[in-house]
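Labels run A, B, C, D and E following the written order; every chain starts at residue 1.
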Amino acid sequence: MIAGKVIDNIWATRKSDSLKGLKFMLIEAIGGKESGKYIIAADTIGAGIGERVLICGGSSARKMLGKDDVPVDAVIVGIIDEDCIF
Amino acid sequence: MIAGKVIDNIWATRKSDSLKGLKFMLIEAIGGKESGKYIIAADTIGAGIGERVLICGGSSARKMLGKDDVPVDAVIVGIIDEDCIF
Amino acid sequence: MIAGKVIDNIWATRKSDSLKGLKFMLIEAIGGKESGKYIIAADTIGAGIGERVLICGGSSARKMLGKDDVPVDAVIVGIIDEDCIF
Amino acid sequence: MIAGKVIDNIWATRKSDSLKGLKFMLIEAIGGKESGKYIIAADTIGAGIGERVLICGGSSARKMLGKDDVPVDAVIVGIIDEDCIF
Amino acid sequence: MIAGKVIDNIWATRKSDSLKGLKFMLIEAIGGKESGKYIIAADTIGAGIGERVLICGGSSARKMLGKDDVPVDAVIVGIIDEDCIF
């Protein structure tokens, strides 16, 4: 997983039917050499803008969505505790 | 997923039979540190040149195509709304 | 796999139910050009802060966890011997 | 997918039995920020040195080879038309 | 696949039970922009230090090991011929 900060919502009215109802967030990677990389992840946890999150990518991302036929390659799997400093 | 801007069509007359009928687009990643990276993605949504799109990669990309035996590792899964600024 | 050094624990109270009970560690890649990249990996081996570990990523990471439906894309699969210099 | 230019053949006499009979080509990524990256891909299309090709990576690469148990993570899936400028 | 040069053995006494008996090698990518990247790969071919090898990554790596439940994401699949210059 990588750690990132939620920057904003991403809206895409025209999209795959299988993505309808999913919320997408723009996330900026934080910490280490990949810091500053942008990822767009599906969010089913309810992360807010400004929060630090854990992002899971690849085929494992689909495991978060309860069905395997969704074209999603990144999801928010957790929200990093505020008092977890790194 | 990553966000990108559609740059052009990509034409490949000689290709895998399983790719016949698929449209391929050249996309440039936008935003963040990966900005400027080129990806070639299959498009089944009808994205136009200049539009900003969401790209899904890896095994999840095949989920967009309705069959699992296609050698495609990137697809356009949505078109970012024009008034979505980031 | 890549080699990394365990930097710290990562705490995320709000997370996917399927991640409950898993320990997450912040790891910094060591050696070569990717040195300084951060990865957050699940740990079922009991790695300690400061130890050098082997990290496996992608779908293979789930093979470490004994079930295939967990949204995890990186795990610690081994601890590099102290006298293994590189 | 990514676009690349075929640089040379790669010969490996000692290799996995499951790779016998496959042709491998050294390809240099072209266009965008990843330009200059080297990939070694299996070729079943008959690409020639100097041609521009489409490369598919990851698990999707195996879909090109007609069987799923081959340790190959990159294949040439198409040859870009000469008059396709980008 | 990528090409790399075998740098050294990697020893990890404490590791996943499913990795027991596997040999791990530290490999440095050669050629192109990714040159200098370190990868740790399982070796079942018998590559020696200093030899140039082909590395397969991701889920395809598990195809080399004869069973699908091993947490390994990189394997040596071939040894590049000495007279293959690139």
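Convention: a residue touches a chain if its C-beta (ideal position, glycine included) is under 8 Å from a C-beta of that chain, and two chains touch if they have at least 3 such contacts.
A quick map from chain label to UniProt name: A, B, C, D, E = Ethanolamine utilization protein EutN.
Since we're looking at a predicted model, the values are computed, not measured.
Undergrad: Report, in whole Å, the distance between the mean C-alpha point of chain C and the mean C-alpha point of chain D.
TA: Result: the chain centres lie 31 Å from each other.
Undergrad: When the centre of a chain is set as the mean of its C-alpha atoms, what distance in Å lies between chain C and chain E?
TA: 19
Undergrad: If you look at chain D, which of its residues touch at least two other chains?
TA: Residues 34-35, 57-59, 61 of chain D each touch two or more of the other chains.
Undergrad: Examine which chains touch each other and state the graph shape they make (line, ring, star, complete, other).
TA: ring
Undergrad: Could you list the chains in ring order, beginning with chain A and heading to chain B next?
TA: Moving from chain A on to chain B and continuing, the chains are A, B, D, E, C.
Undergrad: Considering the complex alone, what residue numbers of chain E touch chain D?
TA: Chain E residues touching chain D: 1-3, 31-35, 45, 54, 56-61, 63-64, 75, 77-81, 83-84, 86.
Undergrad: Which stretch or stretches of chain D touch chain E in the complex?
TA: Interface residues on the chain D side: 7-16, 18-19, 24, 26, 28-29, 34-41, 57-59, 61-62, 68-74.
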